[in-house]
Amino acid sequence: MNWDAWLPVLVVASSLLPGLVIFFLREGNHRMRTLLNLAGAVLKLVLVSSMIWGVFHEHVYESRWTLAPGLELVLHADTLSVLFVTLSTVLWLVTTIYAIGYLENAPHRSRFFGFFSLCVSATVGLALAGNLFTFVIFYELLTLATYPLVAHRGTSEAVRGARIYLAYTLGGGMLLLIGTVWLYVLAGPTAFVEGGILGTLPADYHPQLKMIFLLLIVGLGVKAALVPLHGWLPQAMVAPAPVSALLHAVAVVKAGAFGIVRVVYDVYGVNFADQLGLLTGLGIAAAITIVYGSVMALFQDNLKKRLAYSTVSQVSYIALGTAILGPIGTIGGVVHLVHQGIMKITLFFTAGNYAETLGIHKVSEMNGVGRRMPATTLAFSIAALGMIGVPPVAGFVSKWYLGLGAMEAGMAVWVMPVLIASSVLNAAYFLPVLYRAWFREPGTAWPAEHIPAARFETNAALLWPPVVTAMLALATGLFAAAPYSPLEWATLIAHREYGL
Amino acid sequence: MADTPIWLVALPLAGALAALLLPRLATAAAIVTGLLTTVAAGVLLFGVATQGALHYEIGGWTAGLGIMLRADGLSTLLLLMTALVVLAASIYASTYFRKTYERARFWPLWLLLWTSLNALLLSGDLFNIYVTLELLGLSAVALASLGGKRAAVEAALRYLLVGLLGSMLFLAGVGLIYAGYGTLDLTVLARVLEPGPVAWPALALMSSGLLLKTALFPLHFWLPPAHASAPAPVSAVLSALVVKAAFYLVLRLWLDVFANVITPASANLLGLLGAGAVLWGSWQALRAERLKLLAAYSTVAQLGYLFLFFPLLLALPAGPDRDLAAGGLAMLALTHGFAKAGLFLAIGIIQQRCGHDTIRELDGTAQHLPATTFAIALAGVALVGLPPSGAFLGKWQLLAGAVDTGQWWWLVVTVAGSLLAAAYIFRVLGHAFGHRPYPNQPVTVAREEWPALLLSAMAALVLGLAGAPVWGLLEIST
Amino acid sequence: MLTTQILYALAGCVLLALGVRGALLHASVLLRIVAINIMGAGVFLLLIAVAYRGPGLAADPVPHALVLTGIVVAVSATALALALARRLQVERDDG
Amino acid sequence: MNSAGLIVFDALLLLSIVGLAWASLATTDVRRSIILFMALGLVLAVAWGRLLAPDVALAEAAIGAGLSGALLLAAAHGQPSPLPPESTNAPRNHGAAGMGMVLRWAITLLCAALAGTLVWALLHAFSNPQHDMLPRAISANLAASGVSNPVTAVLLNFRAYDTLLELAVLLTAVLGTFALGQATPGYRPAGLVFDGLVRWLVPVLILTAGYLLWAGAHAPGGAFQAGATLAAAGVVLRLAGRTRIGLPVGFMLRMIMAAGVGVFLLVGLTLLLLGRPFLGYPPAWAGSLILMIETAAMFSIAATLLLAFLGGQPESTDVNAVANRQREEDPRC
Amino acid sequence: MINILSSILILAGVFFYLAGSIGLLRLPDLYSRLHALTKADNLGLGLLIAGVALQSQDLLIMLKLLLVWLSVLAASATSAHLIARQARRQETGS
């Protein structure tokens, strides 16, 4: 084994090993835990940077490990996986800092950070999975690692939320497993290959392949929160804020969306999927989810719940982009994977800040909060505007490419109205919040002021992460054309997928 | 090296005598015996891996006249699993039984049980199998009754009577075989047996005896009370190994000795009963109020999965696909052995530390006993069949076989059973995560908790991630 | 075919079946134990009948040895079953 | 005797075998059932003789009928008669009784089918020429086995491993009964007449045991029959109300219990260490080694059977007895 | 000659057995039944054994047969005594 074969393993291990060590740390060993967490996160960032460079220069990073005859655990870095790995790594680093501040003095921190690291390892493994079998393994591991995080608080509400989350995701996982096994029996080990591998199968397999596609998409759709499989997501927001942030922005929801992208592009091949008539169905499901999520978000007074429904809606942009045939649509979907992540994590961080600092949980309690917490609210505003699609924030870029792609593919007739409706709805549920925060007079007292205003409006560890991610959201929009920007990378992916 | 099979029987037997004669040193004797026997199992594994199946003619008499021990990939793997599970349970038992008289009673029987397990797995002679079955049954019953309470005695008595009925039916089948073929040696029989009026009833008799012992639905009624009322280390071995020993014989007879006698219809019947076991066992486990009962019903269900393989194995043409399915079966059986033993040991710790094992009152255990809870979670992962456990790979092969042969109904059963398993495992974990106003500091008791943790980790991590040699030992490749 | 052999083997089958029936139907533990012993006797009868080679001919010694082993195993199992039954009686009497 | 007479004899014997089995299982009176079962054992012993299986006949008479019966009767001692408690105090309603009836018939039919299938299979098995491979192999190797009684040769040489495990089964059973409690208190001292019988019967039994052990090498007999006879002597003593019945206590008792398996194993492993197969006796030594094993086995068998009859561990002062006292103090057990 | 004698002895033995058995079935109370059974059976067995012994013509076997008879005599006498005593105890006790 040389460096090229070790790198993917190291990328996974850089969060896995610290996580395992953290489990055995004493609760009071705060310093060691922080050190391990941050060292792992930074190391991972360094490793991933080298990987980005390598993949750009068409280096092959691949590790293989045989589990059973014919069943190999393959970690393989291609453009798409590197995109997701980078997103996870950057956001993990930020979230870890945030979580250290958030959980100061809370019980069971060793357990929390242990599972947190496992969760990231599973996400990175899933991103690097080189075949469907490996993907399924990490997909299930992700479920297992997030369950304790959702249940972490131990209240009956948390345990219930976790149970619902588990019921959905395990059920979905089972369907995914059946689809994968079925595909394995038909086509052998299904390695992810740009352009897909199933197009060569004889035509009498096509009905079966359609069934399998349905199984896979439904299985993945549970995590990606496609309507009507989204029921767990609003329940799971009982988790601590850093968990919600990670769950909604990177780990769980994104894993589902990423899986859909993988299945369409690298298993079936987008042209073959279109030939089987599978893309339209996926697009319609995504469109329904986009509109439904936005409408539901409109009616939530609980801030985190509103954000949760917003996630339901926004993640389906990725699926929508996948369903749009043609490189432009693909770019829009894939780049939204990153953009939505950065924006949504900002929103959840800031929501956590409101709750932790002032005890604000509801939109109706946010009057005038912009004056008390200007930096936080500014971050919130940038992210919210990005979600709506206001230039120059990142969200605008995604929507622009989706729209262009739809026109190019001749699907504008129904995609454009969906995009417009969704943007209007996004505005309808975010703008009133911004209005309240900035322009309404604050009430006599905050619901529960935990952290008094001192040098900063709240703890530094809570404040900086959302500010940084908001800046990132802004930067990815402003400098979309810069080399190694998400958009450029997504373009690279689209080119390789379509063989351009 | 060539003598290793007989040492695997002689060592624990000698240990049992030592523990009987020197009650004060019984624990030490048992642990030393355990280590030696485990080493012997390892040596045997190495031997089989390098030289292929081993045979040992006892007394130097040729097979048929004398008794031959045989060790192939499957039996060697099960022997090693037995050794590891019993060793871990022994270490736990040395803390579980604290009084001298308890130890004086426990250890000789414990080592006799181990003797019988090894003897059974190695036996190559039908009547010898009967004797090992009886030794296994009696030692298991005696150990199960050590709980001492009325429920334990009652369950043990029923266990014994059912076991005796089973072994008598088995013996009747053996008699029939001897009447028809004049030999008891399995290797010879595999060569000469042919479908017909002697072999069919004989197989039916032996199988029904063994199915009774392996608690296949609907013959499982005796298992839950017996496994749930025995002392924890005993429950671990009963659920992980004893029922599996009987299953191993079913497997040997059906796929090996009587391979050309069995019919698809009979294999489908086994599959059907297995499906019943999966669904009923999982459902009862979900409804169970006590952890031990849950674990016992889970055993019923998990054994059911193993029987689901029979119709697939019979439908698949000989070749790599069939070998893979057989490998999946072995992997599932091994994983369940480790996982269930780990689960029972962990339950034992909870029972002793919390004074009960009522699921509804477990709230806060995760905080109080984090390592034990983690052991339960790992065992649970293996029982559900989630990656990266060995059971995942086993179930993968089960599903692939079902898809491949078009018998999709087994697929439905497997999925339903797995979801039910997830439901009962996470029902426990949900309670374990439940909130208690933080009354207890976390407890870790290394000597008690390590065995459970290691066994569970073996099932949930090692077999799944590093289990490739298992397939190699079973001579399976694609 | 030897008539004697068949007759005794037949009786063995009958005993076996009677024993199974008794073991399944009796409510009393002791009667169940008796039934299982009778079942065993049936199997032994079958085996000895198999060993029989006709008057004046030496019988096959293997089934004889098997039955001897079987008898001892049966009495061991009976002893354990009875000890359990007695303990159960004590536990019941204690409440 | 001519063959017609023999057939009549066979028919009568078989009828009484089946009849006794039926009667023993038909009654719900436990003691009656046990006594009929003992009678069945005796008749079976005759049948074994008839089928030229004298070794089995001896063992059946001593163990199957005698000791099993004694064990069962001792266990039935405290049982109310004629109905066992389970069936009397179980309330029954009409529907359950109807279901019970269906179940009874279902099981009966099942058993009939079982018997029918077995007979069918056996008829097929017997219709082929009998397999002589194994008996021939045994006679060919008998000279090397160290004994001239083929049954003993099979038991202690060719299939000695079975016998080793069988002794382990016996040991397990007794250890199991030990774990369940104390020995029964025993019986009232015998009167003059019974005592008179005991006085000469016990020595005769011991002598017989010795003879059977010795004879096993060349004639019917052997360790099991001898051990059972020896145990019978103990049972008789016990019934006569003697407290000391020849069993030691403590370490010596455990030694005797372990002796059978222990000597067997020791011989096997010694041979293994000397480079021979496990239990592969050198032909020159085979006779002596077998006798040695059989002697140890006889004592173990006698002791374990007797302990089984006692129903638990006899009182003693060693660790187990101390433990039993502890047990009463310990509320957990 | 010996054959005839032994047949007569055996037949006589069987007769006594039969008588004993009929007594066991027909006689009114336990003591008389016991009386019939032990007396008649002991005699029957003696005659039977004598008849069989004549057949064998081997001194050792004859001695063994004699031993059998004596053992049975002692055993049946003792058991008859025990049964009778137990019965009487129960009578007086109740």
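We call the chains A, B, C, D and E, going by the order they appear; numbering starts again at 1 in every chain.
Going forward, a residue touches a chain if its C-beta (ideal position, glycine included) is under 8 Å from a C-beta of that chain, and two chains touch if they have at least 3 such contacts.
These numbers were taken from a predicted model, which means no experiment stands behind them.
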Those chains which touch subunit B and also touch subunit A: none
Contact-richer chain pair [B-D vs B-C]: B-D
Middle chain, criterion being Cα centroid separation: B
Furthest chain, CA centroid comparison against subunit A: E
Distance between the centres, which are taken as Cα means, of subunit D and subunit B, whole angstrom: 30
Distance from the mean Cα position of subunit C to that of subunit B, given in whole angstrom: 28
Interchain centroid distance [CA atoms averaged], subunit A/subunit D, Å: 72
Centroid spacing, where centroids are CA-atom means, of subunit B and subunit E in whole angstrom: 57
Multi-chain contact residues (two or more partners), subunit A: none
Where subunit D touches two or more other chains, by residue: 118, 122, 125-126, 130, 134, 138, 159, 162, 166, 169, 172-173, 176, 180
Residues of subunit C engaged with two or more neighbouring chains: 9, 16, 19-20, 29, 33, 42, 46, 50, 62, 66, 69, 73, 76-77, 80, 84-85, 87, 92
Set of all touching chain pairs, with the criterion as stated earlier: A-B, B-C, B-D, C-D, D-E
Subunit B contact footprint on subunit A (complex, rising order): 23, 27, 65-71, 73, 107-108, 111, 136-137, 140-141, 143-144, 147-148, 151-156, 158-159, 162-163, 166-167, 170-171, 173-174, 177-178, 181-182, 184-185
Subunit B contact footprint on subunit D (complex, rising order): 117-118, 120-122, 124-126, 128, 130-134, 137-138, 141, 157-162, 165-166, 168-169, 171-173, 175-176, 178-180, 251, 254-255, 257-258, 261-262, 265, 268-269, 272, 276-281, 319-320, 322-324, 326-327, 330, 333
Subunit B partner contacts - residues on subunit C that touch it in the complex: 9, 16, 19-20, 23, 29, 32-33, 36, 39-40, 42-43, 46-47, 50, 62-63, 66, 69-70, 73, 76-77, 80-81, 84-85, 87-88, 91-92
Complex contacts: residues of subunit C adjacent to subunit D: 1-11, 13-22, 24-31, 33-35, 37-38, 41-42, 44-46, 48-53, 58-62, 64-69, 71-80, 82-87, 89-90, 92
Sites on subunit E touched by subunit D in the complex: 71, 74-75, 77-78, 81-82, 85
